[in-house]
Every structure is written in structure tokens, then in C-alpha cells.
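After this come two complexes, each holding subunit A, first together with subunit B and then together with subunit C.
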Partner chain A sequence: MNKAKDPFVRVVKRDKMHPLLMVAFYCIAILAALLVGAVLLISLGVNPLVLYKDMFTIGMIGSRFAYKSIEGLLTVFTPLLITSLALSLAFKMRFWNIGGEGQFIMGALAAATVALRLGGRMPSLPLLLLMFLAAMLCAGVYGGVVALLNVRFRTNETLMTLMLNYVALYLLHFVGETQAPWNFYLSSESVRPVFQKLPKAAFMPTIPIGKFSLNISFLFAVAICVGIYFYIKKTKQGYEISVVGDSVSTARYAGMRVNRIIVRTMFLSAALVGLAGGFYVSGAQALSTSITNNVGWTGVIVAWLSKLNTFAIFGVSLLISIMQYGCQVASTQFPIIDSNFADLLQGVILFFVLAADFFIRFKLVFRKSAKQQKGEEA
Partner chain B sequence: MAAEYAIELRNINKSFGSVAANKNINLTVKQGEILALLGENGSGKTTLMNMLSGIYKPDSGQIFVDGKEVVINSPEDSKKLGIGMVHQHFKLVEIFSAADNIWLGAEPGDGGKKAGLSRVLLKKERYDEIARTAEQFGFHIDPKKPVQAMSVSEKQTLEIIKVLYYGAKIVILDEPTAVLTVQEIEKLFDILRKMKAQGRSIIIISHKLNEVLEISDRVAILRKGEYIGTVETAETDQEALTELMMGKKADLNIRRTKIEKKNPLLEIRDLTVKNDEGAIAIDHVNFYVRGGEMLGVAGIAGCGQKELCEAIAGLRKIESGMMNHNGESIVGLSPQKIIEMGISMSFIPEDRLGMGLAPSLSITDNMILKKYKNNRLSPLVDRKTARRDAQEVIDELEVVTPSAEIPVRRLSGGNVQKVLLGREIKSEPNVLITAYPVRGLDINSSYTIYRILDDLKQKGVGILFVGEDLDVLLALCDKIMVLCHGKVMGVVHASKTTKEQLGLMMTGVLDLSEANGKTAGIAKDSNIKEVQP
Partner chain C sequence: MNRLDVFTLFLFNIVVYNIPLLYGTVGEIIIEKSGSLNLGVEGIMAVGAIFGYLVGCYTNSLAVGILTSFICAGLFGIVFAVLTVTMQANQNVTGLTMTTFGVGLFFFIGKGLSGSWPVMTQYASVNDGFKNPILIPLLSKIPVLGKAFFSHNILVYLGILIAVGVWFYMNKTKAGLRLRAIGENPAAADSMGINITLYKYVHIILGSGIMGIGGYYMGLNLGGSFEGSNCWINGYGWIAVALVIFANWSTAKAILGTLVFGFFNTLQIYSGSLAYAFPKALGFLSKVPPQLYQALPFIITAIVLILTSVRKSNKSAQPAALGLNYYREER
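Then we have the complex of A and B:
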């Protein structure tokens, strides 16, 4: 009477997978995403092989100015790396800091303010130090306040950090578009509102290696990467972050001052994002309203794709930077392609990697056909 | 023309990843019998039953209901076959009334009980109808009462009515007695016998031998996912069942060492504590624990045990009263300070991981949870000592784990508890507060833990043992304090009381707190100087 059939497909949990196989799965996911991208490109009349070649070599092949490509890549890579690392710190604590955009802007704005006000009056090194200190403090407070409100009044940190992004963004628009005697951010020579260039002393120093000049902020970013790994793995504060992120009640039980840890970590996270903003404005030599290049958002994706693993963050943000910058370069060859394609491809990759995640943990078992079953029984 | 067996399972296999939860299980349930399913933790009892209730699907094997082979793909399929399961963790919507909880799962197929408009509209008649059904089976329940206002035993009753209302001919109960008092268990067993008399088949999952012997007709035993056999209850006894269940003979005596009286170590006087909702959870409670003494705390789940433990550990603000440790007040001290004074608290909540362990961290990292700050000079965590401690706990308590670097949540329940208790013992406390340390543990692990606690007592540690199993409290503790709705119903000597007396005190029927003309829980040689009015 009960003639219910087996469902067509079932989801079954897998055993632990070999790490190499896992890497293979992710590679397949990325390839699949590129394949989807290729279909789109073909429909636009673009040869995907040529475009992908340009994109992933960031236009270095056959260029006399290959070093320029690396310099360009690093300007995209450095802020993304620092921001992703900083966000991962808060995420590790299960504190949803999605206010990277706002904190980045506040950092940049603070650094620019110091540079423009004190620029002529002091030598380069103290000026830079002061700029970055201001960037960290300003952004740190901007994020720290959210944590403070969270622990005091149980406000929702996701909403707060999200909304503060817009506050910061429109503050930047405000100083960038309001021509007034007090507004020292704008250039006095231009009729239209244009951000003033920073004084020379506020430029990020570079180390020349042949024709190539290495922006020092990149070295700092690598140092921060190692530092954060050490901080999380080895220090007591890092240990506290892990415990609070895992179980707040356990942390309280162990006598940890949870509120203080949350505020401290969020301050640190936001301050590092702000530092990235400070580095960026000092390297770009001027403010701009699109200064963030969406690092606050992309950083969230990088942190999660890397499962908050510090060194994976390095790899993933490098990959995404190559895509973004490579797309910019490639678009010079193909007028129909612009940087939006990089965003699109990034989305597709994210989607496929999440799918790969699923298949790493589970496998599908299909219903056996009647024939097969009989064969087994016999 | 009913078949002999209501349920027959043949060669059932089920694995999760590489773990085989059920291996070639064969099991039969006769029409109108009570079958007890007995096994230690992780022996696959619940997994097997979940395949009957449609939550899991067997990897291979056959299921016969009333002699016909069936495939159960979902809980709906199972319901249609007349199988109803009362889960260990109730599946009820807390804010709904009793009637609505039943109505929620009723389908037009249930003998037309919910037909036509009532499929979309809630009608008043449903209350009457459900009250009628309840009465028909001899239950008393208010169909309008919201679940959140019900006691544990009421919730369980509701779950049983629910399955009966859906027309279950085969009823499965997963550890139904774990949360009940002695009196409530008796009531439940009466109901089960009545259901049996009506011709229903019942499967009851348990690891409590005395209950199994009392209620069942036959006992089926699982061990480590394998089917060991089925025995007639009338032809077996505790020793034989234990041996079948564990695969070896076991000493089922709990050791209680008597040592000479020492000074009161922890004294609680007139303590009042509120719970999370702001209601009084602990109401003017007095008690004390001497060094080398084990004080048991008995009470129905949720009558203030958690709040009491949290208050002593400094995790919960107290409303009024005194808490003294060695004559020194600990009221208002930070949890950190209280840990440093040598007071250790471990509370095993229902989910076993909620408090005391960080589930995603390794055993090593969990070892240093309370002492990672000890070396104030270094900003770094000392993992070397932690690794050694972890290895010692693993060796001494026989924790089953591939390594000390495995996240705690990947361990089985019993091993998780050993890690927690092991760490607390390693911290060499002078007062150990432990709530439900054997919650859900199998016999072997439980007895290991009883021995460890008794060893600690011999070293002069004062122990407050919050437990659920009255037999254990009676055998292990020196004295037992009974709580009912946050009030002390009395402190009795374990050797001078009975289970029945404790049961009456737990439900508030018997109040011995002012017996013999003195207030229970105040030591003669108290460190607290009485201010006479």
C-alpha cells in the first residue's frame, strides 16, 4: 500500500576531506566561474581567452611598462589586504563590523586633515606618523562607539556600522562639494569643487627598485598580516577574542571582562581599517569621493572566503585585486568591458566557491535505478 | 489478521560520515507490548528511532510495519503509518496553547478531524475536541494553556496526547523519565500501561535499569551501534542487563567515604537571587558546605539550581543575603577573584556546551580558560603547560580523542564532560560546585566521575553536587538539600531519608525547613556571627 519511493537525490555528510582535494574543489569552482564569465564575454563579442590573459597578467605581457602594472596592482591590493585583515579580527569575535567603508573614509579624512593643516610646518616623517595616528584614532573611535553602544544598550552592531558608512560617505561628499572660505579641503585654484592635493611632505615614501618604486605601505600591510596572525594565535588578547567569539557565556564564566574585550577589539579593527584609509590617501596624494574603491564591502567577502584565516586572506585579496586591476587594464583593449565586469565575475566566483564549500562538506547520493539495485541484491 | 509484529527492522544500517551509528540492526516490536531500548550513550538508540519517525533514512535495510514493508521518507510518512515519537527535547511551540500545538500538525488525513474550513481557520471547537481526546485517554490538560506556562511533566503529557490524537498505534518515547520526579514517573508509567491495554505498542528508550525492569515486557540492547539481543524482562536482572549493555561486568556500587567534620567552608545565608526574567529564583536560602563534605542538591529542573550556581560563581547579581568562603564574604567579587579563591563551578546545561567550554577551541585551549592570565608579566598565552595539562586529563580520565588539538565540540558528550571536570579538578579547588556532571553520560563514565568526586572529598574539598538522579544523590552525598521553587524544603542526611520523602519535598508537599524547631542549613559552628534581634 505504501509505495513511497526513495527521493531522487539525498544529501549525505562526507568524511573529512584531504586538504589537496579541497584545494582542487576551490580551483574547479573558480574555473567554473570563469567559464560562466566566458559565456557572457562571447555574447558580447569579446574573445574570453584574450581578455582573461590580459586580466590575469594585469597587462604585463608585451608591455614596456610592466613595473607600472605592479605598482597599480599594489595600490589596489594594499588597502584591501589591510581592511580584510582588520575586519577578520572583529568577525573572529562574531562582531559584525560591516562598517569598513565608513571607517576607511574617516581614516582617510583624518589623515588628510592633518596633512592639509600641518603640512607646511613640519618635516615628512613626524607628519606621516601624526597622519596615521590620527587616521587610526578617528576610525577607531568611529567603530569603537558602536561596540560601546552594543555592550551598554545591546544595540545592533550590524545596523549601526552599516548606517555609519553613509554618514561618513556623505560627510566626505559634503566637504568635497561645499565651496566655502573655511573649507581647506578644496583647491582654491579651481572654479569647480576639487579636492586639494596634499603637501609633498604627506606623500607616502617609496623605495625605488630599478624603475619600479615600491610603496612603503605595502610593506606595512605585510607586517600587519604577520602581526595579526601572531596576535590571534599567540597572545592573551587573541585568545580572549576566540573565546568571546565562541561563547560569551563561557568567557564570562572564565572571568573575562567581555564588554571590555568587545570594545577593545572593535576599536582595533576599525583603527586598522582607518590606517588603510590613511595609507591610501597618502599614496594617492589627494582625497576623492570614491576613495574607498568598495574595500569595506569587498573586505567582508575576502574575510569570509578565507574563513578568517590570516594567510588565506592574503591569497584571496591578492586574487581579487588582480581581477579588479586586471579588468581595468583589459578594458583599455575592449571598449565594451569596464570594471563592472570584475565585480560581476567576483560575484560569480563567490557563488561557485560557496557551492564548492557545500560539496566539500556533503555529497549527493542519487537514487539507484531498479536495475542496479537488483544487481546488488543478486 | 494483524501481523505478530507491529514493527520489524531488518539489517538496518546508518552512518554519518565515517561513523557507523547503526550496524545491521534487527529489532522486533510485538503488538501491544512495551519494548525497552537499552544502551549506553552513543549506542545508536535515538538514531534508530529517528529512522522510524522519518527524521533520518536508513542507508540500507528494511522496515516492516504490521508485516508490510514500508519506506519512510518523512515525519508525515511515519505519522500516516501510525508511528508517533515523543522526543527527548520537546518539539513544541512555546507561545502556542496546548490545543494549537496539536492542531498545528493535524492534517485533513487524520480521520477527517481537521477538514474543510478548519484547515485554514482556527475555530473554537478545537479546544473542546482536544479536551475530549485527552479525557478519553485519562489525561487532564487545559487546552488553552500556553506551553511556556507548563511544567516539564505537563509538556510531556501534551506531547503524548499529540501523538495519540494523530492516531498513533506505535508510540516511541525517547528518555521520557530524564526530566521527571519519582511521582511523575509513576504517573507516566500508569499511562503507558493504559496505552498498552488499549493494544498500542510502545518503545521506550532509557539507560536507567530499574525503570526498564519495572515497565517493559522485553528489553532490546544496543552496544556501540550494534544489536546485542532482546531478552524477556521477567527473566533478567540489573547485573545481566548491565553486562549486555557494556559488554563486561561492572561494579555498580557508589563509594561514599566518611571523613571527619571540618569547618564550614562555604556558607550561604538568607540568599535571594532573581532569574533572567526578573522573578525570584532563589528565595532566602540557607545552607553550608564543610570541607570534606558533599552536599547534594535535589529539585525539579529549573527550580533555581542554575541561578544558585551562578550567584556563587559571581556570574549573577544577588538581591540580598550573605555568601561566605572561609569566613570571608564573596558577595560582589568578580568571577576572576572567586576563581582565585579556589571556588570552582561547573554547570553542565542541557546542550552540554553552553557554559564552561568554548566548543570551537581545542582541548588544549580549553584547559587554560580560567588561568591564561596567571603569568601577568607575559602578553602571550602559555600553551606549553596547557598541552601538558590536556594530555594529563586525557590520560587520567580516559578521554577518547584523536589528539588534544581537536575542537571540543567534535568530542562525544561524555568526553566533553570529562574535559570540563578534568580541568576543574586540575585547578585544585577547595570548593567544587558541580551541576549535572553526569548528565546524559553512560554508566561507565558516570561511575568514573563519582569516584573522582569522592576522591576530591577525601582531600578535604567541599562539594556542592546538583544532581537529577535521586538514587545517585542518596548513595553519593553526605547530606541532601531539597529545593522547590527556589525555597529550601529541608536539608536531610542521605542515610536517613528515602527517595519517596525527597520526591515529596521536591514537589513542595513536605516542608522540613523548620523541622525540629531550627532552621535548616545553618551550621552550629558558623563563621557568620548572628545578630540577635
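Then we have the complex of A and C:
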């Protein structure tokens, strides 16, 4: 007889779970997170129902300026969507690009540089194209270098992209805070250092729909979303990404040039983040030192919450944007609530979703009692 | 102020303003040595800071504040441990979420209290306990160095004591050896009968707690004033992640590393007065943009990362299993 005791509870991998059950698990997780948020709100004397209503409707109910809310939401949603999609490309390969912040800044800086230098000299369309090309190239190289180092020397990409975030951030601060004759980023009229407004030709065009004006960058974001779906599902390169993500040795064995795939994908990922930065600066019409709005960090969370599924990313980044923008709106009514509550809530949601993931991937097996074991042996 | 005083004050401030980095780094080294990459330093420090500060003021006791920051940050660390060790969640994502959540919680509590926020100067025991320096006998009498290094508040000495203690624990004790084995090769450590889950939990909690004290320190150093827009931690958590690499995962080297990174941090504020005091030798300092000083810790760390990987040296003490979850039935 086996004397060694089995542990009381064991964690065992589960076979596939029914998708509906999976959705139910995630819904429970989100509800639980909202409940935790509600307890926190009550402790501050804020009625959670009122706040949640304001937050999830982004203050549109009973407002005569509901279209303004949608416009505001899209300015938060568009960069987050593109960034999350871009990061998911690298994550699919199990390449940890957490340098979204830095790449976003480099993209925005490059686009602003082109706009400020060439602004008066060419019509809007070629200028915009040039801006976005510069944004993609600059950010792509900024991220691509990390991939090159990684495949050549096995430099840790997580830590490397992390460091580069701050190098880019302080570069942005440098051009934003240094008053000097060479510094064309700053407005020459202001005594304090203030970023100069971009020339009119560099503004992102908008499509008026009644009172509402739709920023074209949102249409591009949706197009990128669909494009990435096809890229991953239907092209050879997309297939290569998923093979490398599953197992590098399998990919090598199949004759794939793994190093090239990694560098190429990382370049693309970073370039798209840069494009988001370019879109943003063109829509906001000026640089700012807090231009990223933490989109590089939030993008990592969104991509992971979505299981790197392209359309889930659309939904999750919409949800997160609604929370963030909704909190900004609600802050007019509740002075103690601001976007930090959205951060907090987002954190709680992810904690619960990660826990739900565990119950989806694994199941707990409890030790059988001696009686049960005997029964089985007999 | 004469020139020597400027110089002394500069050295003094390197220590005072940057010891929180040491707490963060030592905490992160403990956690990374157990094989977990915790990117939540910033958030854990923020949680330790706010709870430590509030409870410390309410009880009017610095010791209670320190203990609270340790316990609260440690409790917060349990979230990371449960999710990544037991539930096998991804470490990068969990860590980033810890940061988002922790900083969010910091502001949430701070704004919630806004009107009744305790003012540090009204709590004599906390205020004096932190601000009155403890002079080390004899050593503090040395000119320049005595003032710069041997007359500090109690948290400075505590931080250095912890760093040295952890170094001893890691390198000279059996438990420390086991911990390092887990970080290098958890499967092998498991087959030796080491309780991996227990070790990881204990060290994640311990490391997070130490980070929390660092956060508390930062709050006290800023006079405990809460501003709606700036978190007390102000990116020090991220510098700590970088410093771990620079210190090559050794808490003893982390003390030195803190001074090096602190040197640049402090130059950012003091370059002006140094250049003024020593116009000939250090005049160029006022021309260097302050943002370069802020970026330098990250630039240096990036270079260190590249160099160690290019040289493929065996000297790098990065745990081999860093960032990988251990699932027994999959080894």
C-alpha cells in the first residue's frame, strides 16, 4: 500500500471549458470587482449606484451635449485601442513589449517634429502622411532595436523596453521644458515653456455628423483592428507569429527564420504604437508631457484581459475607456472621484479576471478520503 | 553658505533623498531571487506609504507607522503571490496591475480624506522622530563625512541594516541558499524537497513589506503633504527595478548603487548651487539639462543590460528562472 499521503488539494489542468461557462466566469469576476468598488465608494459616502450610472453612461443621460461625451470618449478610446492591438502582436510571440509608453512618445514626437518643421510648406494630406510615416518609423526603430538585441545577445526585452520608456519620457520633458533658440517645439510667445500648437495643416480631419464631429483617426483604428485580425488569421506572417509564440524550437524545426520574425513583428508592434502617438498628437493639436495618458501600461492590461483576441481587445479597451472617461465626467459631480478611481477599479477587475482564469484553466482536486479509496480499490 | 557646506549638504542629500530606492531595491531583489519579476514596486510602495503615514499619524508613533507600512505592503504583496504562485497568472501583467491599483488606491484614499488629512508637523513624535538625526558616536565628528553619512534619521540606518542583513541571509544561511536555488531552477529545488510555494510566498511578502517602508519614508520626506496630482513615489519604484539590475541582484551592491543613482538624482536639484559654489571646476553642471540626470539611471541600466548580455558573462546573478511561473505537473 502507498504510505505517502497525497496533498489535501491538488491543482490539475482542466480540459476545454464550455465557452458559455467561461463567459459566465468572467462576468462574475467583473461583477465582483464592481462590488469591491462599491464598498470603497460607500466608505467615502458616495452612492455607488449613482456613480456607476454616471460612469457607464459617460454622463450622457439627461445631457444636451451627449455628442460631446462621445467625442471625448473617442479621444481616450482610439489611442488605447491601437496601442493594445499593437502590443498584442508582440505578446502573441511571447515577446514582452512593455515599452508602449516610450514608443507612443517617440511616435508623437516624430509626428510633431515633421508637423512643426514642414507645416507651412505643404498641403495637409502629404503632410499628414509624412507625419504618420515618421511616427511609425521612429517608434518602430525604437522598439526594433530591442528585438535585435534580444535575438542577437538574448538581452532581456521586458527590462529593456521598460528602461526605454523613461528615456523617451525624459526626452519629451527635455524638449518641453528647455527654452532655447533651437527649440522649435516650444511656443515663442509664452514666457513659460509651453508646447507650440501644430500648424493647421497637421490637424487630423474630422467628419461632421450633425453636431457630432467624428475624428478620422477612429476610423483608422477600426481599420487597423480588422487588418490585424486578418494579418494574424489569414497571412503567412501571422501564422509564423503564432508558431514562434507556441514554441521557438518548433518554428526553427519547420525552417522558419525565427530571428527575422521576432524583429519584424516587434518593429510592426512598436510602429503601430507610434502611429497611435502620431494620431493622438495630430488630434490633440499639440504635444504635452502627459501625452500618453498611461496608454502603454493600460494597453498591456487590455491585451492580456482580452486573451490577445483581436475583437475582444476592441470590447475591453472600449470598457476601460468608458470607465476612465466616465470617471472624469463623474468628477464634476463627485469631487473626490477622478480617473484614479478608474485605475483602481481597473486593477480590481484584472485581479478578479486573473483569478477567474485560474479556475478556467485549472481545477482543484481534493484528496479522496480513505473510505472512498477503499471503495475504488474494491 | 561656504563652499564646503554646499558640498557637504550635497552628499547629505544624496543619502537622505535616495534611501527609499534602497528599500525598493532590496525588496525587489528578495522577490526576484525567488524567481518572480514583480513590476508592482511603484504601487506597493504607494500602498505602504499611505497606510503607514495615516496610521503613524493617528497613533502619533513613527514605529507604528513603519510597522504599518511594512504590514500593509506585505498584505498587498499577498495579492501578487496568490495570483502568480498559486493561480499561475502572468507576472508582468500582475505586476503592472499592482502598480495601477496601488497608485490608484493612494489617490483614492488621499482624495477621500482631503479635508481631514493629517498634517505631519502636528504629530510631534512622527515629525521629530523622522527629522531629528541620530548622531553616530565618533564617526559623526569627522568633518564633511560625519555630517554627510553619519548623522541621519533612523530610517536611513534601518534601510542599510536591512540591506546588509538580507545580504547575509542570502549568502550565508541555508534558507538563503534554498531561496536562490528556487530562483535558478525550481524543478531541481522541488526535487530536493524544498517547499517552493512556501518560500515564494514568504519572500514575496517580505520583499513587498520592505518596499512599503521605503514608500513611507518618501511620504515623510515630503513632509506628508498630499497633492492631488503627484504620487509620493514619483517613479522611484521603477528606478528600483532598474537598480536591481545595476546592483547585479546583490543587496550589498545595492547600497553602492543607491548612492550612484542617488548622485544623479540629487545633481538634478543641486547642479545649480554646486556650479555656483565651484564655478571653475563644476561650472559646466549648470549647462547640463536636468532631464538628462533624470534619465541617466535608466540609460545606465539599459547599457548594463546590453553589456552583460553581450559579454555573456557568468558574473550576472540574474536568476535563471526569473519571470517564469513554476507548475509542478509540467516540469
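Everything below uses one rule, namely that the second predicted complex is superposed on the first by the 344 of 378 C-alpha atoms of A that agree within 3 Å, B and C clash if a C-alpha of one lies under 4 Å from a C-alpha of the other, contacts with A are read in each partner's own complex, and residues count from 1 in each chain.
Heads up, the rule we're going with is that a residue touches a chain if its C-beta (ideal position, glycine included) is under 8 Å from a C-beta of that chain, and two chains touch if they have at least 3 such contacts.
Here the structure is a predicted model, which is why all the values come from computation and not from measurement.
**Student:** Name the contact category of A:357: first (subunit B only), second (subunit C only), both, or neither.
**Tutor:** After superposition on chain A, A:357 lies in contact with subunit C alone.
**Student:** Please work out whether A:243 is in contact with subunit B alone, subunit C alone, both, or neither, and reply first, second, both or neither.
**Tutor:** first
**Student:** Could you say whether A:160 touches subunit B, subunit C, both of them, or neither, answering first, second, both or neither?
**Tutor:** After superposing on A, A:160 lies in contact with subunit C but is clear of subunit B.
**Student:** In the superposed arrangement, which partner chain does A:149 touch: subunit B (first), subunit C (second), both, or neither?
**Tutor:** In the superposition, A:149 touches subunit C alone.
**Student:** Once chain A of both complexes is superposed, is A:344 in touch with subunit B (first), subunit C (second), both, or neither?
**Tutor:** second
**Student:** So in the superposed three-chain picture, is A:17 touching just subunit B, just subunit C, both, or none of them (first/second/both/neither)?
**Tutor:** It touches nothing on subunit B or subunit C.
**Student:** Touch check for A:98: first (subunit B), second (subunit C), both, or neither?
**Tutor:** Only subunit C; A:98 stays clear of subunit B.
**Student:** Quick one: is A:214 in contact with subunit B, with subunit C, with both, or with neither? Answer first, second, both or neither.
**Tutor:** A:214 contacts neither subunit B nor subunit C.
**Student:** See if subunit A has more residues touched by subunit B or by subunit C, and give me that chain.
**Tutor:** C
**Student:** Which parts of subunit A are in contact with subunit B and also with subunit C?
**Tutor:** 13
**Student:** Of all residues in subunit A, which touch subunit B in the complex?
**Tutor:** Interface residues on subunit A, with respect to subunit B: 1-2, 4-7, 10, 13-16, 234-239, 242-243, 246-247, 249-255.
**Student:** Given the complex with subunit A, which residues does subunit C contribute to the contact?
**Tutor:** Within the complex, subunit C contacts subunit A at residues 37, 39, 79, 82-83, 86-90, 92-94, 96-108, 111-112, 114, 228, 235, 238, 241-242, 245, 289, 291-292, 294-295, 298-299, 301-302, 305-306, 309-310, 312, 318, 323, 327, 329.
**Student:** What does subunit A use to touch subunit C in their complex?
**Tutor:** 11-13, 40, 43-44, 96, 98, 149, 153-156, 158-160, 162-164, 166-167, 169-171, 173-174, 177-178, 294, 297-298, 300-301, 304, 335-338, 340-348, 350-351, 354-355, 357-358, 361-362
**Student:** Which residues of subunit B touch subunit A once you look at their complex with the stated criterion?
**Tutor:** 16-18, 57, 68, 70-73, 77, 80-81, 313, 315, 334-339, 345, 353-361, 365, 368-370, 372-373, 379-381
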